[in-house]
Amino acid sequence: MVGWCIFARLFMSTSYDPGIGEKFSHRTQRAINHDGSFNVRRSGGGHRFDPYQRLIRMPWWPFMGWVVLFFALLTGAFAGLYLLLGPGGLAGVPPAPGQGQAFLSALFFSIQTFTSVGYGHVYPASNAAGFVSSLEALVGVLTFALATGLLYGRFSRPTARLLFSRSVLISRRPDSGLPMLVFRVANLRDSILIDISARVLLKTLVTETGNYAYAPLKLERDAISLLPLSWTLVHDITPDSPLQGLTAADFQARDVEVIVLLKAYDDTFAQDVHARNSYVYGEIEWHRRFVRAFTVAPDGVAVVDLDKLDDTEILNVEG
Amino acid sequence: MVGWCIFARLFMSTSYDPGIGEKFSHRTQRAINHDGSFNVRRSGGGHRFDPYQRLIRMPWWPFMGWVVLFFALLTGAFAGLYLLLGPGGLAGVPPAPGQGQAFLSALFFSIQTFTSVGYGHVYPASNAAGFVSSLEALVGVLTFALATGLLYGRFSRPTARLLFSRSVLISRRPDSGLPMLVFRVANLRDSILIDISARVLLKTLVTETGNYAYAPLKLERDAISLLPLSWTLVHDITPDSPLQGLTAADFQARDVEVIVLLKAYDDTFAQDVHARNSYVYGEIEWHRRFVRAFTVAPDGVAVVDLDKLDDTEILNVEG
Amino acid sequence: MVGWCIFARLFMSTSYDPGIGEKFSHRTQRAINHDGSFNVRRSGGGHRFDPYQRLIRMPWWPFMGWVVLFFALLTGAFAGLYLLLGPGGLAGVPPAPGQGQAFLSALFFSIQTFTSVGYGHVYPASNAAGFVSSLEALVGVLTFALATGLLYGRFSRPTARLLFSRSVLISRRPDSGLPMLVFRVANLRDSILIDISARVLLKTLVTETGNYAYAPLKLERDAISLLPLSWTLVHDITPDSPLQGLTAADFQARDVEVIVLLKAYDDTFAQDVHARNSYVYGEIEWHRRFVRAFTVAPDGVAVVDLDKLDDTEILNVEG
Amino acid sequence: MVGWCIFARLFMSTSYDPGIGEKFSHRTQRAINHDGSFNVRRSGGGHRFDPYQRLIRMPWWPFMGWVVLFFALLTGAFAGLYLLLGPGGLAGVPPAPGQGQAFLSALFFSIQTFTSVGYGHVYPASNAAGFVSSLEALVGVLTFALATGLLYGRFSRPTARLLFSRSVLISRRPDSGLPMLVFRVANLRDSILIDISARVLLKTLVTETGNYAYAPLKLERDAISLLPLSWTLVHDITPDSPLQGLTAADFQARDVEVIVLLKAYDDTFAQDVHARNSYVYGEIEWHRRFVRAFTVAPDGVAVVDLDKLDDTEILNVEG
């Protein structure tokens, strides 16, 4: 696989600058969070504020909040402008007992203009009001044009919703009894995933120098054609594995983090999607194995039970 | 080809977890349906409901039905709100003989606000009605922004419309007389397909264990540059083929399924498209061969007859 | 290059079914037109009518014509409905002297509803007119949602605008004097093209059988990193070239067609774009070579003259 | 890596036409500017004017200016048409003292129609005004459909915002003391970049012929999996490097330009993004090395300081 070749080139040689493995001055948090984000901050004047990135990536409730706030501020500001134009600006407004009611009437007219509803029982009667309402109509239509794009961008952004098993297991092969590291993934979506490929990195503290080192963990199989059920990823702890001979205490002392990068083609988005996850010491279990997470229903259809993806049992050492 | 390399790595070794080939407890239905979907169900709380995936993938008539239903429910709910505000809420409504007519008038006003038509012969006369109609106008414009994105997403989703021959044939090469498995595909669309590649898997029941095994079927050619006419895919049943020596009875006993994965670049969508299909025992024919499905018209233009893609004739054993 | 591997596998072996090279019953037109389309027709009931494909690919004038026609027919049909509802349907229409004027008034109201302008000097006065106008407002808003998507899809569709030299030349290398086939391409757009790759096929009539054969023409270089100026593609006519030893008369007798497939990443579209072209006998010139198509301006900027892409001169045989 | 294979094939052989390395008549400006554009102009009738490309690539302020200008011209032209139709065209316009006020009233009506606000206090009273306003409403809605697409296209266009170090350094390896060329890049955005790959070209003046030659500079590592912090790219000046033995004076005399092409997958855009940059003589520093541009905060999170990406220090020769 091409990806693997890149990966191999990346880690097989000593290097002046290891990229992801740059030297840290002391113990760091996990490199990758469960939601796939990095534990990295940026500082400096060059740091780019990206409104599009923010608006696309934020959850739905804050997004809708910003939309409503932006709408309220903008129509409120135009309502203030209409008030400034005085009573001759807007015709059809009933005589108001106070400034508050006058603002509300102007606000309703402003919203009717911004959304291009334009009932017309209130209308601009002066040239100044005509200009301001024309500008507001233009701003309103362009704002909703932008909102259309953002809503589509949010909905259509290709993202993977993969369920990773909560833990990685240090287990043994049922046939040979040789040790292996295993974890599972399943697709939370009903979408069809094609050509799923995986890469696994091991991050360890080099206790002699206080720095962190990164090494690839070779997978028994690093790609599958389709992912209808679940996929169990296996790294055999052979003599050339960086995990060879490590005890649970070593895992803790070396601040081990198992980093997982997944990539697949999603048939609904018609694009590649990526997922990332990592496991730290507290998320590694020894001497356990996974229990099958799917059954075949009486009608011959395979049924994946996502609740069972984390189900494990004690490893029968003879097994 | 890269894809083939992934594919080969996927199936050439014995494995702890064969991915698509995970062990089933008894006979299963076909793995892949003719529309490319999997015969898999999901259960468990983690199963993700994806409104976007649903709304993008459902056929057009249900989609339009949901749109109209959503529109009716939302404008109806706002009409109810206007009624609750009492007769002082909406000005311009003619005196109504009954509650039904009052609701209809409120509904029409609601729809005129939601779609931002806003004739204005009816208009909000109280502050409460002003607020509700402002909210409805905002909701309406955002709803149609969403609808714009969904309609575009549905229309522009890159999908392949490939016609597969109804059956695979167990035939013989005209030159050498050696056995082969063949089937055909053609592009139902007028779009230009580029770099079409194919992979074929064989799913068989291992009768000794009651489990299913998967193996790749090597194609004489697994990729073509262009697909203007039809493409006949050929697997030679050589001694290293998993089909070598199998009789028709064996095919039935082993619950054979031939799984096909196709990928191509579509020049209209400017993206890769994928198609899947499978053939089970009842869709395999012996001792037949395909008849040519295209002709050359008098003006020198090649004409593909899609109705003839399934046309076969009895195999002349001498041929 | 991966693409080349596919390509090589495609043509290096004899085959049961040559894909693009399927056997034709007599002389065919050129396989690929200068606009990149195939000379292929489809027949049969399975042939898929794709409104999206049509609406995205058609030129701008017919597209705008269809938009206006659709708009006129739909608003006209709704105008007819309003007429059917009688004089009580629409309020605010001035008394009309004839049926024509009544239709025009209904049509203007219909258009104001469809586009959600809704001045309101005319408005629906009966429940029936209320329902019809509500439906029209919904249809109108959804229609423009669709139009938004189509306009965006047309504008944003990744397409290459490459200028191919009008002819291929049978020329000679200036250093060795060995024969070669050359043609040139340049980017008509201001966009940045990255990783441009090319494949060339030769289509020839096998005079003994009356069928056509396809063979790849190996390029001296089949990919470049950037295409700021022009790119001259070279096929050396070495002993293993299918063109070796062919005279101009042979080219005509064998109905030669040189098919070119180009692919590149376009930095504006941020996607891969493809281009196709072909050269037939009348578009091949012998004993000529290309003249340089660019200069360096006094300010040190390279200037490509697209008008000179076709400029050739007689080949100095000593050269 | 695949890209590297293309790259290698591109430069490893002598060639009839070196593509990017076509011969120039005299000294040229830098090939690639810091914003990634080429120093190339196009002339000739075939040069394609691409409104979409222009509107997508231009900065935001000119874009908004063109939108306002287009809006003003179009609504102004329709206002002129309404004036031409005379006082019977628009009803509801207050008697105007002069032609200027009449135009303003027509302009406000025109804008209310174009944006589909349609208050209705002014409305079309004649058939001619009905037709013109219907046309304007259609043009208006389609214009905003187009604007919606353009705004989305501008926002969603996958672009990389990579910060390159201002200079490349000619430095020495801390371990072996061997010479190397280094520069750094960091991601200005908060987006996650995956599978970042790089290619570096050297452009030099061949003083004997007055032409320019291009050669690849092999990188110690040409791809990394993730780019959370900064990436230091290293070219070792080994005996087979085209930089071997060159002094600073040679760099100037040979008009050296180091061209960098970067490619990565951006997790927000879910597409590949590209970046380009180049370094000329004045942007090369000798005997310096980079200072670390990140720290680990007390909470264990790595912090990249983008302001320090250019920080260098004098090279300790013993180092």
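The chains carry the letters A, B, C and D, assigned in the order they are written, with residues numbered from 1 in each.
Heads up, the rule we're going with is that contacts are C-beta pairs under 8 Å (C-beta built on N, C-alpha and C of every residue); 3 or more make two chains touch, one makes a residue touch a chain.
Source: prediction; values computed, not measured.
**Q** So chain C and chain D: same face meeting same face, with over half the numbers shared, or different?
**A** Both copies touch with mostly different residues.
**Q** Pick from A-C, B-D or A-D: which interface has over half of its contact pairs in common with A-B?
**A** A-D
**Q** Upon optimal superposition of chain B on chain C over Cα atoms, what rotation angle is obtained, reported to the nearest 5 degrees?
**A** Rounded to the nearest 5 degrees, it is 90.
**Q** Please name the chain that ends up farthest from chain B once chain centres are defined by their CA atoms averaged.
**A** D
**Q** At what distance in angstrom does the C-alpha mean of chain D lie from that of chain C?
**A** 26
**Q** What is the distance in Å between the mean C-alpha positions of chain A and chain C?
**A** 37
**Q** Show the residues in chain D shared as contacts by 2 or more other chains, in ascending order.
**A** Correct list: 2, 112, 116-120, 148, 152, 271.
**Q** Over in the complex, which chain B residues touch chain C? Could you list them?
**A** 1-2, 67-68, 71, 101, 104-105, 107-108, 111-112, 115-121, 144, 147-148, 151-152, 155-156, 161, 163, 173-174, 180, 182, 188-192, 194-195, 197, 220-234, 265, 267-268, 270-271, 292, 294-297, 299-309
**Q** Hey, which residues of chain B end up touching chain A in the complex?
**A** Within the complex, chain B touches chain A at residues 2-3, 5-7, 9-10, 13, 15-17, 19-20, 22-29, 31, 36-48, 50, 52-53, 56-57, 91-92, 112-113, 116-120, 122-124, 127, 130, 133-134, 137-138, 140-142, 145-146, 148-150, 152-153, 157-159, 199, 201, 261, 269, 271-274, 276.
**Q** Residues of chain C touching chain A in their complex?
**A** 2, 116, 118-120, 148
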